[in-house]
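Note that the chains are named A, B, C and D in the order they appear, and that numbering of residues resets to 1 at the start of each chain.
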């Protein structure tokens, strides 16, 4: 008998729904969009894509025969994508974050390069979990992606409200590092996240 | 040792590897992979045929032929893979009874 | 002045190549999927950034710099996303094979 | 300087050959596909070295990118059907009947002879014999575009390109029929990081793909490269189940499949007559006509490649047990 998708899902727990569904719910559970928000986002995308197109084609007018449909189509993808909560960026936070990010990514790369080249290869890998207070959508995704570029940490999995982080050296102070990252991302998005002590 | 000689021989080597693979590999997916290697090898030889020592521009006709070949190859690959998927499903059904 | 810029650009590209080599060495030497992902995302990410910077210094127009920046940005985001997805998948496989709970 | 370049060529050629061998000999099928993708990208790099950026773009986007996605999708399906979905390695997925060693040796000897013949022919061929360069260069002013490869594809050798689009159309018809009624392997679930990535990149990919298409008239790029990049958007939407094909969408999909072929053939016939043959574009409209054809062909290529990835025709889902037709 041919297996249906549901049966297989039961048989192999690795590929079933629970975990990913939780992740999706997390995105959806946030406050619903106010009416017109999608159109506003569509307009923002339109402007951003038009700028990209303009720079790519050196603002040539004859390119617009292709440009206008492409920009409209690209921006219209807003309407098929799952809903995400809105966000805004604080300019001061952005400059701060960019500088800090540059320094951290150099530190992260140098750290991993040293470990790779060192004959002893000092690794003490392991997993730890961390529960960020950031709201879903862009701030959380930004947080998860930036973890990967910090020294010694990699965001391995999202389980419910927790993120499971893989560390090259489990002796490092994960709580402090990620707490700092969280504060900086909160500042970048102009959010008010209460500071947390180590748990 | 000019680039056309190096890459021309590379192309022939890749074609040969693909040919051996297509005839001798037993896994179906791998046979498709081997045929794809053959097509890339042929592409190498054609691109080399179009090549002229740098200040001169290369011959665009073989380039267009290779692009055509790449598109035809993906069509053939897609059909072959669809056949493999179908065949495997039928066999799995037979095994399950 | 052009000489100095050429020199800096060459130095940046060489430094980027060193980080790519570091990433590759890490990929070969590190013990498991997760550690290897560290090497690929971090070392190669910085390697690409340095090379992009080096090429951007010698670019002839703003459009070129913009294109290089665009490429760097999307590769960086894609590598962080890809690293996360691969790690998530590796953990699923680990669980399915009964290795190490979390 | 020449020596450094030669060293680079030798290294690259060696890697390409090594990867070709490795992708056929490594036992894990997933690793084989990954090695093949790297092989394709390095081949594309070699073609850039041979000043063939158009071919390199097409190979990287279609020959490696879309082909790799198709192979991985098929691998996923095979694992699902054979019940090996959760395993770390993908081995022995298709039933293997042992072939006698004698047959293998005979095949290998046969391949060796063919290769030897090819190598002799290649080495004996006249160096830089007369090509079509001068013919193309002469005709360029009349082609309507500034990029020779695009001129060849859409003007001088337009029949070839028309047939190529027809082959693509035939492939999608075949795939729809072959897989009719096949159940789909469960899609791997992708979390919020993926969604953030899709939100950020998909609109940009649309613009970049269209830019490649537009740029094709004067620089490397064009309908096939741009179409493949646009198809990537479709692939990602399908993979993440943001877009799920429904039976009701078939009509639209069919129109999109034939749009390119239809427009291409239509233009060819319309410009003929009045002393001109098919594909002899009137000089003052050549540029616009080529861009029109390229634009419509790109839509077809993008939709067709995405459909080839998705596979079976989206027919109305029968009851779960009704599918059991053995």
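In this text, a residue touches a chain if its C-beta (ideal position, glycine included) is under 8 Å from a C-beta of that chain, and two chains touch if they have at least 3 such contacts.
These numbers were taken from a predicted model, which means no experiment stands behind them.
Following the contact convention of this document, D is the list of chains adjacent to both subunit A and subunit B. Across the two interfaces under comparison, A-C and C-D, the one joined by more C-beta contacts turns out to be A-C. Subunit A and subunit C have Cα centroids separated by 17 Å. Averaged C-alpha coordinates give centres for subunit C and subunit D that are 27 Å from one another. Here the spacing of subunit B and subunit D, counted between their Cα centres, is 11 Å. Of all residues in subunit C, those touching 2 or more other chains are 70, 77, 81, 84, 88, 92-93, 96, listed in ascending order. The residues of subunit D that reach two or more other chains are 86, 183, 188, 190-191, 193, 196-197, 204, listed in rising order. Annotation for subunit B: residues touching 2 or more other chains are 89, 92-93. Within the complex, the subunit C residues that touch subunit A are 18-19, 22-23, 25-26, 29-32, 34-35, 37-39, 41-43, 45-47, 49, 62-63, 66-67, 70, 76-77, 80-81, 83-84, 87-88, 90-93, 95-96, 102. Partner subunit D is touched in their complex by these residues of subunit B: 1, 3-4, 6-10, 12-21, 23-30, 32-34, 36-37, 39-40, 43-45, 47-54, 56-68, 70-79, 81-86, 88-94. Across the interface of their complex, subunit B is touched by residues 5-6, 9-10, 13, 16-17, 20-21, 23-24, 29, 32-33, 36, 39-40, 43, 46-47, 49-52, 54-55, 58-59, 62-63, 66-67, 70-71, 73-75, 77-78, 81-82, 92-99, 104, 107-108, 110-112, 114-115, 118-119, 122, 128, 131-133, 136-137, 148-149, 151-153, 156-157, 160-161, 164, 167-168, 170-172, 174-175, 178-179, 182-183, 224, 301, 305, 308-309, 311, 326 of subunit D.
Per the touch definition, subunit A reaches subunit D in the complex via residues 1-5, 8-9, 11-15, 17, 19-21, 23-24, 26-27, 45, 48-49, 52-53, 56-57, 63, 65-67, 69-71, 73-75, 77-78, 80-82, 84, 136-138, 140-142, 144-145, 155, 158. In the complex of the two chains, the subunit D residues touching subunit C come out as 86-88, 188, 190-191, 193-194, 196-197, 200-201, 204.
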